[in-house]
Structure formats: C-alpha cells, structure tokens
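Two complexes are shown next, each including chain A; its partner changes from chain B in the first to chain C in the second.
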Partner chain A sequence: MEPVMMILIVGCVVIGGLLASLGAHLLPVGGAPAAMGTATGIATGTVQIMLGAVMTGLFTAASVATFTDSLLLVSLSGAVGATVMMCVVMFMANIVYAFGCGIVPISGRVDVDPITKEPQAPYRTPQTDGHGVPNVVYVSGAIGGFLAGFAGALMYYALLNYAHFSAGLAAIVALSIFVANAILAAYNIRGTIEGFHDPKFKRLPKALISSFAVSLLCGIVVVLAATILGGAL
Partner chain B sequence: MTVTPAVIEEEEPTKKGLSFKFPPEETEMGLIAGIIGAVIVIFTGLPAVIKGVGLLLVLLWGMDSVRKTSKYGLGTGVPSIGVLATGYGVVGALMGLAVAEYGRVGQLYPAVLVGVIVMGAIGLVSGIFANGEKFIAMKIPRLERAMMELGMAGTLAILLECSILTGSLSFAAVVDNVMTTGLIALLFIFNCFAMLHPYNACLGPDERRERTRMCAVEISGLICVLLGLAMIGLGTSPYGILDGVSLVVFGAIVWVVFFRMFIKACMDECYATVGTGLIKTIE
Partner chain C sequence: MPIEVVLLFAWMLVIAFLAFIACTFEDLESDIGSQSNPNSQVQLAAQVGQINRFFNKAISGEPLSNAMYCVTAGTIAWLLLRQFEPLVPGEEWKAAVLAIPIGVLAATMINMIFSTTSHCGRTAAQKRFEQPIYLDVLYGHLIPIGAHAFMTTFCITCIAYIQSNIGTLSGNPALDHPFALPLLGFIWGITVGAIGSSTGDVHYGAEREFQDRPFGEGKRVVYHGKITRYAECGVRTQKDIAGFCLKFGAPCTGMTFGLIILFENWRSMVGMQLGGFLPALPAFTATGDMAAIFGIVLGLLIVAALMVGNIVFVKWVRKKYGPFVGV
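Presenting the complex of A and B:
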C-alpha cells in the first residue's frame, strides 16, 4: 500500500473520531431523568443515541456506496440518514411528552432560547431541569446527528475504498471505532447535555484530545491490518 | 423517644447454599480467564465445547471489569462501558486475524494474541485519557487497568466466537463465514449483552458479586446455544454436526443450571416476592 493511502486512511479515521466526539456533545441526551420528564432531551444514554444515529447513517451510506465512488456523496448520505433518524426521534419524544405527559418542551439550562428568543424560565416546572426537546435543542440535535452520520460514513468510505475491506467488515469496524470515540465523549459529558448552549459544551476540547489519541491508534491498527493482508479481503 | 426494635433484627446471617465463588477474587479471575482464554484461542482445532468454556470464562472476566468500573458511577449508564469493550474487541480481532498467518503451525495460531496485546495497549491509553486530571478526569480508581482488561477480554471473546464459528482463524475463512453472512453484527450484540447486562440488571444497593456472576454465566450459556445453532447452519466444523450439537447441549445445561440458581438467589435474598403469576415461583 502506498504511503499516501495510509495517511488518507488514518486521516479519515481521525477526522471521523473527532466529528463523532463533537456530535456526541451536540445531541440532546436526557438519560434516566428525561424518562421521568424531569430533564431536557431524549430519555436514554449517549451511547444508545449515538449507536442508533450512526447505524442508520451507515445503512444509507452503504446503500449509496454500492453505486457511487464519490466520498462526499457517501458521507453526506450517511449524514442525512442519521439526521432524519435523530429528527424523528426528537419529534416523537416531543409528541409523547406534550400529549402523553402534558408537559411543554422547555430548556433547563437557559432562561431565553438563544435562537428564537422565546422565554423558557416561566414555563419550567420547579425542581426540574427542563422537559422535552425545545427549539434550540432540536436544532442542536439535528446538527449533532448530521455530524455523527457524516463521521460514521466517512470512516466506512475510507475502510471500504482505501483499505479495500469488504462491506460488512468496513461497516462493523467503522461502528466500533465510532463507538469508542462516542463513549469517551459521553464520559466527558457525564450523563446529560442539551446542546451547544449547555455550559458543559465548554468541556469539549478535553474530549477532542482524547478522541484524537484513541482514533489515531485505531487508525494505525486498521492501516497495519490492511497492509499485512494486502487486499486479501 | 422510642427505639424501633427493627434495627436490632437486621443482623441476619447470610443464606448458604447459593454461593458461586469461582475464583474468589477479581485479579485471580482476570489471570485465570486471560491465560485459559489465550490458550484456547491459539488451539483452534479444539472441540467447540472447550472453546465454549473459554468464552464463558472470558465473558465472565469482561463482566467483572464492567462491574468494577461501573460501581463508582459512570454517569452515562453501565451499557456504555460494555459497548466500549466490544468496540475495542472488534478492532483487536481485526488486528489479530490480520497477523494470524505469521508463525502458524498447523491449527495453531499464536500470532492472534498480537491483537489482544495491541488492544490492551489502546485500552490503557484510553483509560489514561479518561482518568487523567488534565483530560476527561473521571476520577475512578484503577480505571486504566479496567479499560485495558476490557479491551483484552473483548478481543478474546470476539476471536473465540470467530474460532467457534469457522473452526480456524484464517482471515479468508472468517470473512466468508462471519463477516459476509452478517453474523459479526450478532456477535457484537451478544458480547455487549454478556458484558453489560448482568451488572446493569443487578445493580443497586444490595448488589452481590456472586449473584451478578450467575447472571453472566447464564447469558454466556445462551450465547453458546445460539453459536451452536449458527455452527450447525454453517457446517464448518471439522468434527461434523456433533460439534455444534454438543455446544448447544452444553449451553442449554449451563443456562438451565445458572438461571435456576440466579432466580433462587434473587428470591432468597429479597425482602419479599409478589408473584404476578407470569413466572412460576420455584418454591
């Protein structure tokens, strides 16, 4: 394998890992409190949301990769798949909260919505941390889903076309590296986050450094494996 | 001021007959499972049942590491660390399978352990980053070691499952039988559940290590049944169909024994059970 290809694979894996970490910080993760309607976001952990988003993204990316060689097209199709999945989940969560529990979508971290300038504090139930998925969180979650899907599809494309893995192997390895990065980001978040307006978002650089190191090592492992096998996949 | 007499009655002796103390301590468990798992991985010509025993030990080791880490409270739920272990396992298995042909003697593949060692190193690095004061600062005691163990256990588990399903560890065979058939996705989920589910299900103030381990062994038994069925379907074993059938029987026996033991332990140790009528009570 030529050195250019090696650098390309490692580069794609590292960029994918960094985007995965950034995406995890943008998604609205509510955790167990959200299941009781006492925190903003989707009622599950970071890993489950990220895994769902990237798997949907990989499905669309893999379908598109069967008839095109364009890196941008494959990556963007993965991103769109993940975004659609995230948007549907957030929308359904809102429907369940609003019509099932009778609570309005309200941010718990800011008093005024940074995008629509709607007041938030008067509608917040005392002693809770917000409910549902309000506007700013929805936008943040859609961007997070886009980045997560893009990251997964980018890694998939690099493994499929540069490292010449078979489709199944490329998908599962891309998923594994993505998951490792997403979990490091999840530990940085410590449970719940609302999106880019959350104070915890400022911790992002620490997760990016960790993600960079881990995905660099994983990229080197993948390149070594691909070089040793030499297209025997 | 009256003192409630219930405080005195709390000192009850622990119930006997339901302990499952193999091996008693976490470090010993890691050493035993690691060494036995590594030996069984190398000898791919062994019957599936022995590989199943190795898989059971390795998954138990992984579950122990998950428990050790998660009891300090991760903030993201127990599943995250189990998924992390499996994610590392797949990358490590890829590395191990890539170098498997080097130093191969017949059915012996000693080079696959390179993948285990590499993944141990990556796990250690990620543990240092996750626990380091300057980085994510999780402040969990011995997280570095636990993440290293998780990477190694995950890799060994994936390699053992590949070895059960294909009967060898040559990359071409694994790609044909495990990757293209899509079984790798099932292996991913199996491993995740065997490692994360026991502690996730049993956690709480009254969590007991032996009871959690019963749950882990029970899930490993179920995995053996499913792997045995997949083996029969693939027909790759050098010992014919009997190999797969024996693995199914072994898994079923393990599952029945440990499921009974687990339910019994739960019923005995809880304050009271209220039957819903859905599950027949054992007593």
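Presenting the complex of A and C:
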C-alpha cells in the first residue's frame, strides 16, 4: 500500500473519531431520569442513541456508496440519515411528553432558551432538572446527529474504498471505532447533558484528546490489517 | 413508470409498515418485562420499602439486547436460507417462509431464558429488602414477553430479508443492499431498541409508574422509587401496564420507527428517481452523483420541516399548558 493511502486512511479514521466525540457531546442525553421526566433530553444512554442514529445513517450511506464514489456525497448521506433519525425521535418524544404525561418541554440548565429567548424557569417542575426536549436542545441534538452520522459514513467510505474492505466488514469496523469514541465521550459526560449550552460541554477538549489517541491507534490497526491481509478482506 | 420502480416503492411501503409493527411490539415487550430506563424505579422500589409484584428484567440496554436477538434470528435464517434455497429453484420465497420463523423462534427462546435469569437474579439480590420472588409473576409474564419479542424480531428479520433482496424482488438485482441479512438485522435491532428506549419508555416511566402522583409535571426526585403498586383492580403487575401503554406510548413509538424507515428509504428512492438513476442504474457516473444529491437535499428538507414543526409544537404546548402552578 502506498504511504499516501496509509495517511489518508489514518486521517479519515482520526477525523471520524473526533467528529464522533464532538457529536456525542452535542446529543441531548437524559438517561434514566429523562424517562421519568426528571431531566431534559432523550430518555436513553449516550452510546445507545448515538449508535441508533449512526446505524440509520450508515444504512443509507452504504446504499449511496453503491452508485457514487464521491467521499463528500456518501458522508453527507450518512449525516442526513442520522439527523433525520434524531429529529423524528426528539419530535415524537415531545409528543409523548406533552400528550401522554402532560409535561412541557423545558431546559433545566438555562433560564432563557438561547435560540427562541423563551423563559424556562417558570415552567419547570420543582426538584427536577428540566423535562422534555425544548428548542435549543432539539437544535443541538440535530447538529450532534449530523456530525455523528458524517463521522460514521466517512470512516465507512475510507475503509471501503481506501483500505478495500468488503462492505460488511467496513461497516462493522467503522461502527467499532465509533463505539469506542462514543463510550469515551459517555465517560466524559457522566450521566446527562443537554447540548452546547450545558456547562458540561466545556469538558469537551479532554474527550477530544483521548478520542484522538484512540482513533490514531485504530487507524494504525486498520492500515496494518489492510497491508498484511491485502485483498483477503 | 416502469414496473420495477413501482415495485421498489411498494416494497418500501411494506418495510415501513413492518417497522411500525416492530417498534410498537418492541416498546410493549420492554414495558411487560420492565427493561430499560424506567426499570431503575422498579429496582429502587424494594430499597425504599415498596414491595411490589413487578417483573424486573434489565438484560442490558434495549438496543444491544434487540440487536442480539435480531442478529441471532438473522444468522439462523440466513444459514437456513442457504440450505433451503437450492431445494426450491425459482421459488426462493418458499425457503424464506420456513427459514425466518425458525430463526426468530430460536431468538425468542434466548430472550425468555435471559428474562428468567435476569428476573430471578435481580430479585434474589433484593432479599435484604424483603422482596420475594413471586413465581406466578415469573411464569405469567414469560409468555407475553416471548410473544411480543417474537413479533419484534420477526418484523425486523423480514425487513432485513426484504432489504437484502429488494433489487431481486423488484426485478433489478443490482439494487440489493450491500449488507448481508444478519448485518441488516443488527442495524435495525440497534435502531429499534434505541427508539423504543428513548420514545416509548417515557409513557411507562413518567406516567404509568407514577399514576397516583400529580399529572402534568415532571416526576420529582422525592417520588423516585415510590411507584404505583395498585392497579384499577387488585395489585398491579406488568400485564396491566402493557394494556395502558398500548393506548398511546407504543403506537407513538411504532410511528417513530415507521417514519424514520419511510423517510430514509423514500428520500433515497425519490432521489434516485429524480436523478434519472432508475431504472437504468448507471452507477459511478454523474447520474449516480445527482441521485445522491437529490436524496441529501430531500433529507435536509425533511429535517427543516421537523425543526419548524418542533418550534411550533413547543410554542403551542407552552401556551396551552402555561407556567407551573403546583407546589
């Protein structure tokens, strides 16, 4: 394998890993408290919702990769797929909160919504950390989904076309690298996060450093596998 | 419009319908077994002195457990298909009719085994809080859990089968999805679990588990663990919860997954149609690029519509419900 190609593979994996970490910090994750309406965000774990979104994006990206060889188009297809998934989930979660439980979507971390300037504090239930998916959280989640989907599809494209893995193997390896980065981000988030306006978002640089290290290692392993095993994959 | 294109769109609608059914049953299965996030309250209940007759299974997060069942079902079905398809040349669907239910049945049995060990293990660990293992609760919930899990895994495996053969089924084998059946099962297993966990559990966790608390507010931290233990008639078990969540939470969850599958497939196929890719399939040309661009633009339009929809909806809810007036 040419050295340029090796650098390209490692570069794509590292960029994908860093974007995955950034995307994980932008996703509004409420965990178990969100399922009880005690915290703002999506009522599941960081890794779980990220995987769901990226998988949906990857499905479309893999279809698109069968008829176009443009890196940008394949990655954008994955990004838009993950964003659609996140947007539908957050919108339907709001419908269940509003009509199923009578709960108003309210942020727990800010008193005024930074985007729509709607006041939040008067609507918040005491002894809770917000509830539902308010607008600022929704926008943050959509951006997070876009970045995460872009990262997954970018790694898939690099593994498929530069490392010459088969479609199935490329998907599994891309997801594995992605999961490693998502778990690192989940450790950094420690529970719940609302998005870019959350104070926890300031912890991002540390997660990016660890993501860089892990992704670099993963990229080197991918290059070694592609070089040693050649076309056998 | 050529028949191949019509068939492609028809199969897409079948997939979306199956997705709706799959996610509805996935949410009900997680409610009956009390898997995922609201189970933290069932777990906590005994520790705060609330002895209950809830089923307590938290095998793992819903996405991973569903992915496991769907991959198991998909792998067994795929192996059986490889064996059966040569026996019925020209009528391969007959092999699928036999192979898919057998694979799904095996996955369902694994689910029931995990449910048993998970419930017994978790409840036995609560002996110090004097929480008994009610054997009628254990036996009575296993069949409903298995039945709902069968429906979920069956629909997902069918979706994976159709998608991995969608080109062949509609007359253009080049349009088959590049992923094999078990990998597609893995993808949709993870996604169906992520949606069931993030959308459907809200109705169970925020409403049904705390039905004797004030309606219309987030559940305060002081309520945690103090779940509603009495039903409309007698002591509550999870069978009452499934009936309740079926009225709103589960169909909403099903619609979420159905919409995602519909939007994703619809924008790809309409993009292919608008770009002039169907039915000629000139891959790796400017036509292929145009098909991808149209798909991306349509996806962005859907995202924009959903964002505006959410802003309007949140504004409406805030105006309708008003500020918090409780104590």
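The rule we apply is simple: the second predicted complex is superposed on the first by the 233 of 233 C-alpha atoms of A that agree within 3 Å, B and C clash if a C-alpha of one lies under 4 Å from a C-alpha of the other, contacts with A are read in each partner's own complex, and residues count from 1 in each chain.
Note that in this section a contact is a pair of C-beta atoms (placed from the backbone, for glycine too) under 8 Å apart; a residue touches a chain by one contact, two chains touch by 3 or more.
All of these numbers come straight from a predicted model, not from anything done at the bench.
Undergrad: Does the chain A-based superposition show chain B and chain C clashing or fitting?
TA: clash
Undergrad: Which chain, chain B or chain C, is in touch with more residues of chain A?
TA: Tallying touched residues of chain A, the top partner is C.
Undergrad: Of the partners chain B and chain C, which touch A:221 in the superposed model: first, second, both, neither?
TA: So A:221 only meets chain B here.
Undergrad: Using the superposition on chain A described above, determine whether A:31 touches chain B (first), chain C (second), both, or neither.
TA: both
Undergrad: Just chain B (first), just chain C (second), both, or neither: which does A:80 touch?
TA: Once the two structures are laid over each other on A, A:80 reaches chain C alone.
Undergrad: Touching A:176 in the superposition: chain B (first), chain C (second), both, neither?
TA: It touches chain B, and chain C stays clear.
Undergrad: Between chain B (first) and chain C (second), which, if any, makes contact with A:128: first, second, both or neither?
TA: Only chain C is touched by A:128; chain B is not.
Undergrad: Is A:209 touching the first partner chain B, the second partner chain C, both, or neither of them?
TA: first
Undergrad: Which residues would you name on chain A as touching chain B in one complex and chain C in the other?
TA: Common to the two interfaces on chain A: residues 31-32, 45, 47-48, 51, 168, 172.
Undergrad: In the complex, go through chain A and note every residue touching chain C.
TA: Residue list for chain A touching chain C: 31-32, 34-38, 42-45, 47-49, 51-53, 55-56, 58-60, 62-70, 73-74, 76-77, 80-81, 83-85, 87-105, 116, 118, 122-128, 130-131, 133-135, 138-139, 142, 167-168, 171-172.
Undergrad: Of all residues in chain B, which touch chain A in the complex?
TA: Touch residues, chain B against chain A: 74-77, 79-81, 83-84, 86-92, 94-95, 97-99, 118, 121-122, 125-126, 129-130, 134-138, 171-172, 175, 179-180, 182, 184-185, 188.
Undergrad: If you look only at chain C, which of its residues touch chain A in the complex?
TA: Going through chain C, the ones touching chain A are 36-38, 40-41, 61-64, 174, 177-180, 183-184, 187-188, 190-191, 193-195, 197-207, 209-210, 215-222, 224, 248-249, 252-253, 255-256, 259-260, 263-264, 267-268, 272, 277, 281, 283-284, 288-289, 291-293, 295-296, 299-300, 302-303, 306-307, 309-311, 313-315, 317-318, 321, 323-324, 326-327.
Undergrad: Per the contact definition, I'd like the list of chain A residues that touch chain B in the complex.
TA: Chain A residues touching chain B: 31-32, 45-48, 51, 166, 168-169, 172-173, 175-180, 183-184, 186-191, 206-207, 209-210, 213-214, 217-218, 221-222, 224-226, 228-229, 232-233.
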